[in-house]
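Following this line, the structures themselves.
Look at the two complexes coming up: chain A is in both, with chain B in one and chain C in the other.
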Partner chain A sequence: MPFATRGFSGRRGQADTRVPPGQTMVEKWPVLSAGPTPQVETRDWELTVQDETGTDHRWSWDELHALGVEDITVDIHCVTHWSKLGMAWRGVSLDKILANVRSEHRYVMAHSYGGYTTNLPLEDLLDGKAWIATEAEGEPLDPEHGGPARLLVPHLYFWKSAKWVRGLTMMPDNDPGFWEQYGYHLYGDPWKEQRYR
Partner chain B sequence: MPNHLDGNALAGVLSDVFTMDVTAARGRCGSCGRTAPVAEAMVYPDAPGLVARCASCDHVLVVVVTAGERLVLSLAGLDAIDLRV
Partner chain C sequence: MRSTWHSATIVETRAETPHSVRMTLAVPTWPGSEPGSHLDVRLTAPDGYQASRSYSVASSSPWGHVVLAIDELPDGEVSPFLVNEARPGDTLEVHGPLGSYFVWRPGQNDRPVQLIAGGSGVVPLYAMAVAHDLAEDTTPFQLLYSVRTPADAFFAAELTELAGPSFQVTHVYTRQAPTGWPGTVGRLTRDTLAASTIPPSERPRVYVCGSTGFAETVATWLLDLGHSTTDILTERFGGL
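Coming up: the complex of A and B.
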């Protein structure tokens, strides 16, 4: 019965199924900032992962890249209602960074140069779901977009993808980060519209 | 292009909460101790909320988030507010 299905075929573009509820697609990449833009040189940049033993695992810029940089194409969704589809990124998988970090804790606080923080479940950083990103759209990540390196966790609202990331601290409880303290959702799934708590 | 405004950008949302004009009040930064009119703070509006920072040390003084039906206000970065009554 071809005409019974006609109304359901072809009309819904691919974008419809890729844009979560309450979001609008944008072409330009908006800049959101809650403070002055830190200017961090790559020679001074360092990533520190701290576990509950107090052991710090550290990577310089070159050590991070030596773990292996990969190409990533993902859609990003900002809680301020814009989505940017098919963004090309390059970065290092958190699976590689966390491979030798042993922790019993289930949550992570991401810390940034400039003082920003955001909380995430550890499992959301693993299994190919999160990166330390250093390039976007073929260019080194601009400071205003979080360069030299930002967290990239595209399956959650973009405030979780902390700009200017400098550290990850394992934590036993899901303590709120900066925006989460002021009413934003502890998890932030764009497909469930988890904007506020 | 500066990405911040002055503290008068807080006036609208704070007038929903306070009967007095808080932007005219003097606030003391909880970090560096600078005492200045709230209107002189640096307000970053292009974020998931309004963030006002100390003009001397960038410490976060005021955060305002409109979270759906709620308004969440933090003045935790100010250790004193001096209002004309």
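Coming up: the complex of A and C.
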């Protein structure tokens, strides 16, 4: 590409094949959300998965943990151009949560305390690709970063990893969630730079 | 989305504050933007290395002039370049407009609007105040603007000019106030916030913009004061 901005060389020594195009590596962990941070106590917290029959499957905080918590080390990529590599998380695999949920639907809407929603294909939540995360970098997830629990779907841009997650609803079509209605990409693959539509 | 990068030429730069620049870009293909929206700026080095950052649109004209105001983060990769190096004639790329959530549209509803900014966070809110003025919208608008010193205020002259019966501007000075300033100098507190913003009983829509720490603190206080979550819109510029 012949285009270049005069005098710009950028910060070097950051070339890392784990960083997708258009992203910059950060050490700190930035915060992005559309409104105030909801404060949810773990004793009040509950996860609800709803299938097309309208049946609710529910887990309290303790029931979630009883499914088995695993250590996860992943890179995360935010649509606002930062990536954080090799983050240590703990959480419960969605394979365990969805094991007993039967659904013909191919899409999922994640719902959060505070009203946020985001849409995902069901297959992106299965096979060890997604978790309900409750700890990051050795600490309980703080509210600014989505605590007590957030979705963790690291292979997609991080707005898909809904903070303050409270529920998953199976849905027949790929209806847009909150940011998606405001023009963000329906899928959000960082390696294809699927930021906006 | 590759095709939606517009090439832009810098037509004017001037010091906005001692540590920031006001930059006018000519973007012939700019489709226009709503007050509050932002764009991505992309810089490319001769070897193809690229860096992108988001900047709010302070104003844009029908002939494709887009005005940004960029604050220098001393250790940053992109902002020091834009503030200190970039000059008229230089070219870069922009993508947008982006963000149709943190916007204010004239006539959208008649609820009063409270704008709350810290530092460069005033940029998208300034765009809203301009739109409010241009539309001769009589919805009550208020801005609470926290800056370190008077010299650090963005769009100071313009905001003074815009102030009037339906747009009230209040400043908070965290380090140093103008001479004769009757108020106190120091960080924004919950009490000052309560005393100088539209009360929750009037159900204002509240737009909060600034560093992440600023937006977090203010949004939490607004909830404490009784504003409802759905009435508070935030834009976090980054940092802690």
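Here are a few things to note about the model shown:
Just so we're on the same page, the second predicted complex is superposed on the first by the 182 of 197 C-alpha atoms of A that agree within 3 Å, B and C clash if a C-alpha of one lies under 4 Å from a C-alpha of the other, contacts with A are read in each partner's own complex, and residues count from 1 in each chain.
We take it that contacts are C-beta pairs under 8 Å (C-beta built on N, C-alpha and C of every residue); 3 or more make two chains touch, one makes a residue touch a chain.
Note that this is a predicted model, so its numbers are computed, not measured.
In the superposed model, A:Gly22 makes contact with chain C only, not with chain B. After overlaying the two complexes on the shared chain, residue contacts for A:Gly86 are found with neither chain B nor chain C.
Of the two partner chains placed around the shared chain by superposition, chain B and chain C are both touched by A:Arg195. Within the superposed three-chain model, A:Gly183 lies in touch with chain B and with chain C [touch as defined at top].
Of the two partner chains placed around the shared chain by superposition, chain B is the only one that A:Trp159 touches, whereas chain C remains out of contact.
Touch criterion met: A:Pro38 reaches chain C, while chain B stays clear of it.
In the superposition on chain A, A:Gly128 makes contact with neither chain B nor chain C. By the document's definition of touching, neither partner reaches A:Pro140: not chain B, not chain C. Overlap of the chain B and chain C interfaces on chain A comprises residues 30-37, 80, 115, 179, 182-183, 195-197.
For chain B in complex with chain A, the residues that touch the partner chain are 3-4, 44, 46-49, 51, 53, 58, 60, 63, 65, 67-68, 70, 72, 74.
Interface of chain C with chain A (complex): residues 1, 4, 7, 40, 42-46, 48-54, 77, 81, 85-86, 90-93, 95, 98-102, 212, 216, 219-220, 222-223, 229-230, 232-234, 236, 238-240. Residues 1, 3-12, 21-22, 24, 28, 30-38, 80-81, 114-115, 144, 179, 182-183, 193-197 of chain A are the ones that touch chain C when the two sit in their complex. Chain A meets chain B in the complex at residues 30-37, 79-80, 115, 159, 179, 181-184, 195-197.
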